[in-house]
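One chain, subunit A, links the two complexes that follow: it is found with subunit B in the first and with subunit C in the second.
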Partner chain A sequence: MEILALIVLTMGTALSLRWKRLGVIAGIASILLVLRFEPLLLIVTLIALMNLISLDLIGRKYGTVFALPALMLIATVHAFYTSDLPSLIVCFIVASVPTYALVLISEDLRTKTAIKYVTFMVTATILFVLGLILIYENFKLIGSFLLLTGLALEVGIAPLHEWVPDVFSEADPISASIIASLAKFVPFLIAFRVLGGEMDFLSLTFLIALAVISMFVGNIGGLTSNEPSRILAYSTIANMGYVISALAVNPLSLPVAFAGAFIQLLANSVGKVGFFTAIKGGANRLLSFILSFSMIGVPPLLGFWGKFFIATSLLKSNLTFLAIILVVNSVMSVPYYVRLARFFDRGRSALASAVVGVCVLISLTIYPNPIYYSCLSVWR
Partner chain B sequence: MIWLILFLSPVIFSLPTVIAWTYRRNLSISSVVGLLISLAVTIYLYRMPEGFYTIPWLPSLGIEFRFVLDYLSKNMGVLTALIAFLIGIYSLEYMREDYRIGWYWFFFNLFTASMLLVVYSDNLLGLLIGWEGLGLASWALIGHWFRDDDELSYVGVLGRKVGPLKMFWSPSFAGWRAISTIRIGDMPMFLGIALIFALAGNLNVSQIDWNAVFTKIGLIGTTFLMISILMGPFTKSAQLPFSEWLMTAMTGPTTVSALLHSATMVAAGAYLFMRLSWYIQPWNYHELEPVYVFVLFLGLFSSLYGAIVALGCRERKVLLASSTLSSLGIMFAVTSLSYWVGKIAIVIAFIYLIVHAFAKATLFLVAGHLIHATHNRFCCGNLELTKRMKLAFLATVLSTLCLSGIPPFTAYWVKSGMDAILHEVSHHLGQTPMIIFVLIALTYSAFLAKFLSLNFLKGERAKLHLHGERLMPTSYTIMVLTLLPLAYVLYLKFFREGLETSSILVGILVTLTYVVGIVKPTHESKIGQALGDRLYLMALNDLIVPKVGWFFALLSYYFDRAVDLFTHSSIPEMFEELSKAVRRIQSGVLTRYVRIVIGIVFAIILIAGWFEWRF
Partner chain C sequence: MIELFIPVIALILAPIFRVRGHWITFVAYVATSAIVFFRIVSGEVYYLKIAKLPDPIGYIYLFGDSVSHIFGFTIALVSALVALYSHPYMSHRFEEMGLSSKEFGRYWVLYNSYTYSMLLLVYSGNLLLLYTFLEISLVTSFLLIHYYGYGNRRWVSMLYFVWTHVAGVLALLGFILIGFENNTLLIPLLKSIPTLAWLLVFLGMIVKLPGLGFHIWLPYAHAEAPTPVSALLSPLTVGLAGYILLRLYEIDPSFILSHRTAIFIYGFLTSFVAGLLVFRQKDLKRLLAYSTVSQMGYILMAICLGTYGVFGVIVQYVSHAFGKAILFMSAGSIIAVYGLRNLDDMGGLHEQIPQIANASLIGFMNLSGVLTVGLLGEFFILRGVLEVFGLGRMAILVVLVFILSGLYSFYTMKNVFYGKPKGYEVKRVPKCLTVPLFVIGVLSIALLFYADPIVKAMMGVVR
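Here is the complex of A and B:
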């Protein structure tokens, strides 16, 4: 099916140079072709669809850009169902490279930002792939260190987060929304597959240090930021900290941690998509507050369940201090999320409003069991 | 049932007054009827056989309402009800023009009912209810003129200051002072009662196995227990150094002062001590010696203090107040002698309480009438006034004679009894208590004579505003006349002691000071001024204790500030600074970012490689 989707996508994109609408249609069609009836993947697909549709807000002349999120989605979905090393590496690269192009796209060309972004991404990819190979070659320690470093650079975990605030604030909000949402799944998926429950003490320490630093840097940095996009950047850093902390659990509670991490990623993604779209096209005050509450982790919204599962698995692995830090950080994040929600008062375009509305709907998931069980089944 | 009537009738009958006094001011009579019913019940109880009457209350803890009828409670009950009733009649006229009669009558009757509960209760917990009722009612009544707008209701010369001390007190302030002082004593008393319950499992004074309690906790424990229980009576009866509230309590209506100083409130403290001693039977326990010696000297010194302060007082009611303090000291001291001489000491102290109650209530009522007539709190009045207020004059003469111990009047016989037991005790304690006691007796008669002389004979001329009062003179005349049959009864009881040479000698000396007091009632001097200012003991209440309070207030203020600073300034500022530091990395220059990242990455690779190589 993925092959078929790729063919459709290639054809459509080629033709979209002539007819712009065809690009959109081909993108949507290929996304629908890889559709799996698994709640987790359904929501990922939904996020990709929203990314694709919201690209329309940038208003470029050609329809080729619509292929990029579709491509990323195909890679993401494929990554969930494969386990051999070359495929994973390919998926990782395919899910990451389209974002290089996305950074460049906007009403005006942003070369400087793109160079900044590409520099870090290339380094990250090299480190990540190197680490992956080294682990397979049985250099476990250095391999996991390199993999974690690459992961940190790729998704923006402190102290290797320097590019995140700059890129998020300088690139077009829609591009940033894709970087902050769809691009995050594959690296974490691979990291969980490879490292989950198999780390030695040193790399575990390294991992926990990364998680704690990232949470604190993200939340503290967000407190005094004024631009909404910078706030979102720091919020992303903090969220990556939450997610990576789930990697530290012992093998027994790993499934729960995996579910928690991916629910947290979903919550983060819909929040980011919603807010970035809101920056671009405005949003209703009420909707933006619901998104904020979900990001803070107010029960029973989606963001709460992610943190809840992560904290539960941490507690079960005797990592109580990490769970406490997580909760403390959630509290610390309240001021800037509320501030963020106040930036918006009403929607300016129907498309943006629709996207934000869908994000809010996903955030309003108050019954997380389907997603939870689907995470468990994907993990197996 | 009879007990319910006794305790509730004053309160219930005061309710019509409370509800509707603004429409019909003569509803006050219903309150007095309540008091009359109580009086009738107490007289009925007086004729009942001695014994205990139990009403279940908290059966699971073995606590019950247990009322006692014995020598003490029978007499005290009738005394309380009678005096309250007479003062009630007096109040009908005295309080007629008041601005909140409902308040007055409710708390006046609650006061009486509480006192009756204290008197008849054998169970300490039941007694506490009455005890706290007394405290509440005293607060309400002392601060009755809460508007502080009438000069007549103040104590002290308005606007006068000595050093940092303000030498005048308003009713609202005095009410607060009374309740706060009393609470200081009540706290240890609760503790003591709880301790008794923990040790004996029983709160009925007459049933507690005191022997077991005392042997269980030893000498020090016993001293601690008794002193903490007695803190209640000490503050209630205004023993040193808790005497100030009693002096400023004179801001209440005179009727309240009369009730407060004769049969209720202050008497409750002495009465409780007597009741405890009655059943503890201290003469059987060696552990109690330190406590009883302490109470003896505390009582004697309080008494001496009260007597010499009364010598210097110029205000009618304050003079009487400190004389009450003096009498209470005597009661405590004489009761404490029971450790050496047995039950007779308690009986003598109790009889003195009765005599004092009637005489003092009379004097207060007369003082109230005088204040009413002269519109002046300070002693004033000469022979002209005497001619216009003959009954008041006669009542004063009779009550001062009876109270100061001039033979052959009432108190003489009691004091002879005291002389006798003090003489007996001198084998154990030396002559000091005797000497102090004689000094007190002499001073006592001198200031009573001064009161008589300054108000009726040699005082300044006073303008009279007589309104043809009837009830007021009637009630105090009845009250003072009860002293005469009492004198006869006491003569029968103590005539042997009264005819001893030493007693007669003391009697003659007392008469002498009485005469001196009448002939030369005033003498200006610095010492007199200091005495009139109560030896500046109020510094304790107005300066030292508030300083302690201020210290704690300051402490909590700084603590508060610290918390405030910490949570509202330090933490947010810290996070702001941290946040700025985190954001300072974001310079936007790519080379700098690359340097940071490459540095970190290489550091990580180095560390990881080193570990990989070593292990």
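Here is the complex of A and C:
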């Protein structure tokens, strides 16, 4: 199915140079072709679809742009169902490279930032892939260090987060929303598959340090920023800290941690897509408050279930201090999310309102069972 | 069971009717409280299964026993009367803020979800569900302060949100630990509570209650909230921390029993220091907020006092809810009619607004335990202290705070309503601003003479 989707996508994109509308159609068609009836992947697909549709807000200058989210989605879905090394590497690269182009189409982007972004990403990819290969070749220690460093660079975990605030505030909000949402799944998926529950003491310490620093840097940065896109950048850093902390659990509670991490990723993606679209096209005040509450982790919204399962798995692995740090950080984030919600008043375009509406609907998942069990089944 | 779903009607219909939403809310909650009262008398226990969540959460369901019924009755009744009171008060507030009466749509959504979440909180059969409702009530009350509060309302609402959220998440960590110990979070199935979990929940609850030292947020939040919200926050919401402690105490009292004296002294200090701080307040609503802290100290003391202490917690919640609802509403009436908040500008208001003065008198009688259901609460606490500590220093401490409550009550009455009149002109007070006060007042006196069902219901819990 993925092959067919790729063919459709290539044909459509090639033709879209002439008929721009074909790019959108090919993108949507290929997204629908890789549709799987697994709640977790359904929501990921929905996020990709929203990314693709919201690209319309940038303007129709380039028809080919619409292929990029579809390409990333195909890689993401494929990564969930494959376990051999070359495929994983290819999926990782395919899910990361389209973001270069997405950043570059933004209008008021300084060249310096663009170069920074691409350099960081290429370094990240090299380190990640190298680490992956070394782990497969049984050099566990050095391999996991390289992999973690690559992961930290790729998704923006402090102290390797330099590019995140610059890119998020200068790039077009829609491009930033794709980087903050769809691009995050594959790196974490691979990290969980490879590292989960098998780390030695040194790399575990390294991982926990990354998680703690990232949470604090993200939240303190969020508290001290004023611009909405900068707040969102720091909120992404904090969220990556929550997600990576789930990697530290023992093998027994790994499935719960995996579910928690991916629900947290979903909540983060949905929130980011909603807020960035709102920056571009405005949003209703009430809807942005709901998104904020989901990001804060107010039960029974989606963001709460992510943090709940992560905290549960941490407590179960006797990492009580990490759970407390996570919880303290989720409290610290309250003021800036509320401040963020106040930036928006009402929607200016129908498309943006629709995207924000769908994000709110996903955030309102008050019954986590389908997603939770779907995460467990994907994990196996 | 049906009574738990009547408020849904108000939740849906009240925002549609906007300005007239108060009647629907009032009728729905009065019906609820009436049915709940019959449940108290009949002592019924029921379950309603909703869903099954992954371990260690277990089944999510609603569960009602006598304790839930007594708390639920108080919540439903106060919510009903405050809804009636909201209408004239919020019209005045919207006018002051330059908003149209369309704003009532949003107000009723928030008001009804706030009161409904508190009602469901006391009927939660699962600790996670309980936490969920705790947070929903927090978020909705936060938004109410954020939109309609006084003073620096953005900052105050944020202060309130952050502190109470800290309380909530500390309790959540404790709940998760309890879940691992028992492999479920179903309240009736819980057997034991590890000390660390007890400590986390207890810490969270003394932030929420609040205890001395953690009470910084409360005077700001309760004083700057729009008055109908203060009249829910102070009587109903903070006391729910006492409810949560009570539930855990029923399961496993080990933590409280082993630190009995320390907690008792802490409760006394909370009550005593906050009681003294009342005398230094110049703003009427802030004064009432400090008196709330002082009254919550009673709950901390009572929880250490064995069976009679448990009775004391329950009755204290009811009497404080009734008393404080009356007092906040009367403070609000003074704001709505005369625009006064500062104690220096008041004095002799009995001349102008005798009905509000008399209602406040009943309110303060509730707080100081004179001839109202508050008397019953003080009786149980005293009885408990005699059983546990005997007739000694501890008993004297309890009597001391009781006297202090009486003192500040009548000090406030004298400063606000009696003394030399300031000569304000007599104004008409809308019926909705006074009638709810008297309804609650009459009920709080009636409950003292008709306390049988409540005492019987509580006896049922102990057995």
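Going forward, the second predicted complex is superposed on the first by the 373 of 380 C-alpha atoms of A that agree within 3 Å, B and C clash if a C-alpha of one lies under 4 Å from a C-alpha of the other, contacts with A are read in each partner's own complex, and residues count from 1 in each chain.
Everything below uses one rule, namely that a contact is a pair of C-beta atoms (placed from the backbone, for glycine too) under 8 Å apart; a residue touches a chain by one contact, two chains touch by 3 or more.
None of these values were measured; they are calculated from a predicted model.
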First (subunit B), second (subunit C), both or neither touched by A:G281: neither
Which superposed partner A:V217 touches (first subunit B, second subunit C, both, neither): first
Touched partner set for A:S225, first subunit B, second subunit C, both or neither: first
Touched partner set for A:I115, first subunit B, second subunit C, both or neither: first
Contacts of A:P159 with subunit B and subunit C, given as first, second, both or neither: first
Contacts of A:L127 with subunit B and subunit C, given as first, second, both or neither: first
Residues of subunit A that lie at the interface with subunit B and also at the interface with subunit C: none
Of subunit A, residues touching subunit B in the complex: 112, 115-116, 119-120, 123, 127, 139, 141-142, 145-146, 149, 153, 159-160, 162-163, 165-166, 202-203, 206, 217, 220-225, 332
For the subunit B and subunit A complex, residues of the former touching the latter: 575-576, 578-580, 582-583, 585-586, 588, 590, 593-594, 596-597, 600-601, 604-605, 607-609, 611-612, 615
Touching residues on subunit C, where the partner in the complex is subunit A: 51-54, 56, 128, 131-132, 135-136, 138-139, 143, 146, 158, 161-162, 165-166, 169-170, 172-173, 176-177, 179-180, 196
List of subunit A residues in touch with subunit C within their complex: 256, 289, 293, 296, 298-300, 304, 308, 311-312, 315-316, 320, 323-324, 327, 330-331, 334-335, 338, 367-369, 372-373
